[in-house]
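Here subunit A shows up in two complexes: once beside subunit B, once beside subunit C.
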Partner chain A sequence: MPLFGKSQKNPQELVKGLKDALQTLQNPSKDKDLKKASDDVTKILANMKVMLYGTAGSDPQPENVAQLSMEIYQGEVLKMMVENLEKIDFEGRKDVVQIFNNLLRRQIGTRSPTVEYICTRKDVLIALMKGYETPEVALNCGMMLRECCRYEALAKLMLNSEEFYDFFRYVELSTFDIASDAFSTFKELLIKHKMLSAEFLENNYDQVFHNYQSLLNSENYVTRRQALKLLGELLLDRHNFTTMTKYISNPDNLKLMMNMLREKSRNIQFEAFHVFKVFVANPNKPKPILEILLRNKEKLVDFLAKFHTDRSEDEQFNDEKAYLIKQIKDLKAPEES
Partner chain B sequence: MAQEEVIAQLPAFEDEYQFNIDETVNEIDFINDDENLDNLFFHRVDSAQIVYQPRRRRAKLIGKYLMGEMLGEGSYGKVKEVLDTEMLCRRAVKILKRKKLRKIPNGEDNVRREIKFLKRLHHHNVIQLVDVLTNDEKQKMYMVMEYCVSELQEMLESVPDKKFPIMQAHFYFCQLINGLEYLHSMGIIHKDIKPGNLLLATDETLKITDLGVAEALEPFAVDDTCRTSQGSPAFQPPEIANGLETFAGFKVDVWSAGVTLYNITTGTYPFEGDNIYKLFECIGKGEYKIPDSVDQLLASLIKGMLEFDPKKRFTIEQIRKHDWFRKKHPVLLEWVRLPPKSKDDEDIYRSMTVLGYLEDLHFGTPSEDEFDEQLVPETIDITNQITPAEDGVTVENSETMDTKGKPSKEMKPKKRKKGASRFGFGSCKQS
Partner chain C sequence: MSFLHCGCSKGRVSESDGPRPYDRSTYTALPNDRAETPVKTDGMSSSESNSIAGLEFEPAAACYELYTTIGKGHNEAANINLAKHLTSGQLVAIKRICLETPGLDYNTLQNEIVLCQTLHHSKIIPHYCNFMYCQELWTVMPLMAFGSCRDLIHAYFSTGLSEQTIAYILRDILQALEYLHNRGIIHRSVKAAHILIGANGKVCLSGLQYAYSMIQGGKRYKTVHSYPDNAIQCLQWFSPEILKQNLAGYDTKSDIYSIGITACELGNGQTPFSDMPATQMLLEKLNGTKPILADSTTVADFIVEDDINGQTVNEETKAETAIFQRTFSQHFHNFVALCLEKDPNLRPTATALLGHPFLKNLRKKTTDVLPGLLHPVTPLTDASRLPKDNSVTEQLTDQMSSVTMEDDWLF
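Let's turn to the complex of A and B:
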């Protein structure tokens, strides 16, 4: 059967062909078959992509798109494609990403059929997250994951899975591009759906922040800086009010921020300032926090007075700094009762 | 009666003496069926304006920003298009005059607050403040912002039924909700959401603007309780119309966004009144009608957003989860396009207006009386620039005569070099 004939293959044939070829790749029996199967996969994926996106001259045909998606759901092809991504060649992987993302965006009225489908096939998401462990496909998986992040239902599944905590490891990977890709997915999960992530952070406070601590203490400068910046964003988002109150009540967190204020890197100092200010601005400081601040009162005032004095342009920063200095100067020990 | 008819029959130029500027517009309209009358307006323009002040594109730099044409005018001052000459980015600048600001209640405070807020906001659905420049001598302030081509209000007014097709309204509304959610997450309540405060970038990204009456919650405030509001009356919720001491801020924005949604999908307002008292009375009762043309899904979203009781009113989260919000709307009617700036403007894309000034900046011939040392870089050697250009034109003129007034294409660029005279259409001297 020629794959590139005049007559285009119909969706059923494409899906069947892809399944067969992927199965061969998965369980290779003879060496000969492997090469052919790999070529077949690449060709079929290219055809599927054209069917979904159309070409420069022609728009995609709605009937074909509908039929192809049906076939893909029924044949459990999404899972197969993701799980065998490593065995598909470079061009084919890129096509998988495009096909996956196109299907995900599909909408019929208020329904998103692919999103609903993946909700019942959590293992697809898990496989995608695990993708960060395979350097060859990490970035492809990242692109698909971030597309998934756009949908609250999928983001929820990911946040609440055990595998979410693997991100704390992925963002520290030694390969820079994979680590940053993982970080952007991680950030997207925590920022995109405000209510969802607020709820998640509240319910899983201990586990998340225990892990987060390791990012803030990371040996890796980029990880440390990015994590600190994200922490500031999360705490200052009003949706995360409860989490913020909890975070700034813990004296260990304050100590960490005070140490980070003295880091070598000015950028980290600056980011730490934006978290530190929340501890000081809190009108209801718990006793342990107040005690630490009181004990270091003079030093802190001196330190802040000299802190980043060259940022004269940044009015907001200077206002905040002046406010903090005043707050710390005015600190009084609570009356013993 | 008879007399009026006589007037209508009089030739246009005689009318000129009978209809002074202080005559009401209606009376002019009454006889305006005579086409000749259009000339009247040309006759009435003070000649001094035309003859003695030829319209020239003088390059004017404010800092590194080269000024272009005016984009709009608000109560605070003009908004002009500018070009960042270092980054080559198209920007808009809001020019604020202290004199004007003082006359507006809370004017200066509002501006100061707006700048403070904008500086810490970074979201693609909220206008980005790029730079703030001040000129103490002239008592002016320049707020450099992202460039936007139009605002929702202008687009609405350009179409007969003053509304968008559902798909387009949905496209803008989703962006409005994204922007609002961000503002709220930063603890900012906008308080003046309306189509007039929603700008569109060239790629139709919606940008929430005008945070002049916005309020920032205290970082440790437990809830979003507000006390004051200065927003546009027609978009205010019942709790404000009824003068409640305190109210929930986020729900104010939800209400205004609801009125906005009502407005852009129906072309009308849910609450109306001849004056602010009647309007507030109407809003205070909270009774309104949704036109039958609105489908059920949209009607239920509007009802949720225009819920009288702020506690029952939708949250941003509920809006997001509403089916109308999530629905993919079919393309039924034609998308409302950017209206031309004015009737005779052919540039439907609103291309950059700084170009002419840019040419003047580099090839211009500043006349002595208008030469502003501060604004035009002194390093440009004027005499050297003029001579070759003038030569070019002389040669060109003689050649043009040879070919009987048909300038060849090659000459056009040469002609451009002549600086001031290439924009001669404003000058009567030449015609």
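Let's turn to the complex of A and C:
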């Protein structure tokens, strides 16, 4: 695949050329320079990508890869690429993503040098998260972010940043591509590293669930459905026991789930069921929760008996449903009120 | 495809559900919108006329008026409507997928949409924008008013298209494939139903929901093994190595095999292997049986083997005469034979095929010749005669608002 000229530049030359061209893009002096700089950036990025990935016909050269990575770290090029992503052209941006993701996976023994490097440069991560504000680069940033999410140290930096809460806004954007991509990243951050996310949810319970409520009440069907599904996954994960206990003690949460059981969408009903069941299965129901369940005892039993009866092949679901019906039937008012 | 007056043909599925490059005019809400990025790279992409210059397609249902259904996609889960963009009056196609459809995989859908936004090539159908309306995902795309090549064959060219028409179409499709392959993407469903033609003769490749990237997790793989989900509908076009599903895997060359099958489909009017059960087709492919173009030079093969086109030919003597009186060029025959090599290493790359004598001498732009070549078929350009479809929006809003209140919980 002889895409680019035969004269392969060496890693130093590539990195230097890229830095120069990016600087011109950052501070343009004359229009002419700008066009040339933009072309240079695209060309050099494509070359770097080939150096890291090889081509259909040739494998990458380990010495070149090592040297290129060194030059990129030393020249602070990752940061420059991310911060100027908007100024790079369409194909160039995709190459930035692939260069970034390749370097991130790089390992020397058990060490991941790129991950360590980014740990000391949190602003790279912040810039990537802010990328969702700019439609042109949103999906590119998403691809790099999800690659970062694989590393606990990086996920921790992101979760604990203020910018994390911007995700609650991004997932509601009207453009489906960006909103759904932002949700994937959001989900990855909360699901991937169990201990980390359990600790985060415990420590930030109020702020997170206050915001989460707006997703569950969203006008947007996909947001509502995805948020509900993720909520179910989070609450049913044993690592999140403390958070779960807190969540199912709040009667407002129970009311919301009961209403969602009655939504028009069967998918939403079904996801709501998986959260609702936790309230009922709780052996130590707080009084307000118990009262709501008691007040609706008959209705709930009727409702559940008719709920998704066509899922006859789903054994686990039917067992759970039978269990819930029994639990609700057996509910008794507290002895002293 | 009612706009092609072929509503009865069984293959009327115009799976225009492809993908599209990234159109920046899509996003209105956020700043920094201007400055068309010059698309360059290996010279294959140009922003020719994918997006209508200066038009903004808003991600909101209220900005479009739906007309009649012109196709289906995604295993019937998607409905494709002709629609009018209200602020510009521009006709577009809108693909609507109800996300409540049982068995629909949300992740696949999302991957497709993201992949499509990372492609930008004039011969790949763009998505203007994607947004939710009630429970439906709407994708706004350009209207390809001649429909798909499959539609054209079913409605008008039952014995196949002319050699010149095919040459222009395949050249453009190979340009799209060259773009994809250079980026490590395998299309995996090249077929006539995924080749769309616009009113001006512009050719676009669609069907990118089945595409697969050979670059995963920071690494470029030489072969991949993922067996496509859409297998059933594409078996006839799949290369032997995909069908084998063995450790050797497959790569971008499997698309070249599909090009060969598609070339026969376009030339003969019928897809090779369509007259036999899937297991027999598999055996034939593994044995190295090469489908061929039906014309005066190959008539002997068809009589001897009586396998490939036998049935239709026997039924319709007229069509038979037409087929066996024509003569395709040796270049065309050779092109098909190269694409259909059983050994993927013997098949040329997309780039090499663009230099094949069959395509090398095409001097004109496809848009200059194709409408003439398709004469007397005319594309749909006037929506005013078509029925409007207000029911969709009404139904959907109904669905959403009428939450049953009679039997409420007691809180």
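Of note:
Operating definition for what follows: the second predicted complex is superposed on the first by the 328 of 337 C-alpha atoms of A that agree within 3 Å, B and C clash if a C-alpha of one lies under 4 Å from a C-alpha of the other, contacts with A are read in each partner's own complex, and residues count from 1 in each chain.
The criterion applied here is as follows: a residue touches a chain if its C-beta (ideal position, glycine included) is under 8 Å from a C-beta of that chain, and two chains touch if they have at least 3 such contacts.
Just so it is clear, the model here is predicted, and its values are computed rather than measured.
When both complexes are superposed on subunit A, subunit B and subunit C end up sitting side by side without clashing.
In the superposition on chain A, A:Leu236 makes contact with subunit B only, not with subunit C. Greater residue coverage of subunit A by touch, when subunit B is weighed against subunit C, goes to C.
By the document's definition of touching, of the two partners only subunit B reaches A:Asn282; subunit C does not.
Within the superposed three-chain model, A:Asn102 lies in touch with subunit C and out of touch with subunit B [touch as defined at top].
When the two structures are aligned on the shared chain, A:Leu304 is found in touch with neither subunit B nor subunit C. Seen from the C-alpha centre of subunit A, the directions to the centres of subunit B and subunit C diverge by 70°, a value given as a multiple of 10 for the model superposed on chain A. When the two structures are aligned on the shared chain, A:Leu139 is found in touch with subunit C, with no touch to subunit B. When the two complexes are overlaid on their common chain A, residue A:Val82 makes contact with neither subunit B nor subunit C. Closest approach of subunit B to subunit C, taken over C-alpha atoms in the A-based superposition, is 6 Å.
The interface of subunit A with subunit B does not overlap its interface with subunit C at any residue.
Of all residues in subunit A, only 107-110, 194-195, 236-239, 278, 281-284, 315-316 touch subunit B in the complex they form. Chain contact summary for the complex, subunit A toward subunit C: residues 1, 3, 38-39, 42, 46, 53-56, 86, 89-91, 94, 98, 101-105, 133-136, 139-140, 142, 147, 173-177, 180-181, 184, 220-222, 225, 255, 258-259, 262-267, 292, 295-296, 299. Across the interface of their complex, subunit A is touched by residues 116, 119-120, 181, 184-187, 217, 219-220, 317, 323, 326-328 of subunit B. In the complex of the two chains, the subunit C residues touching subunit A come out as 22, 24, 26-27, 29-30, 32-33, 37-42, 45, 59-60, 99-100, 110, 113-114, 117-118, 120, 129-132, 134-135, 137, 182-183, 215, 217-220, 222, 251-252, 399-400, 402-404, 407, 409-411.
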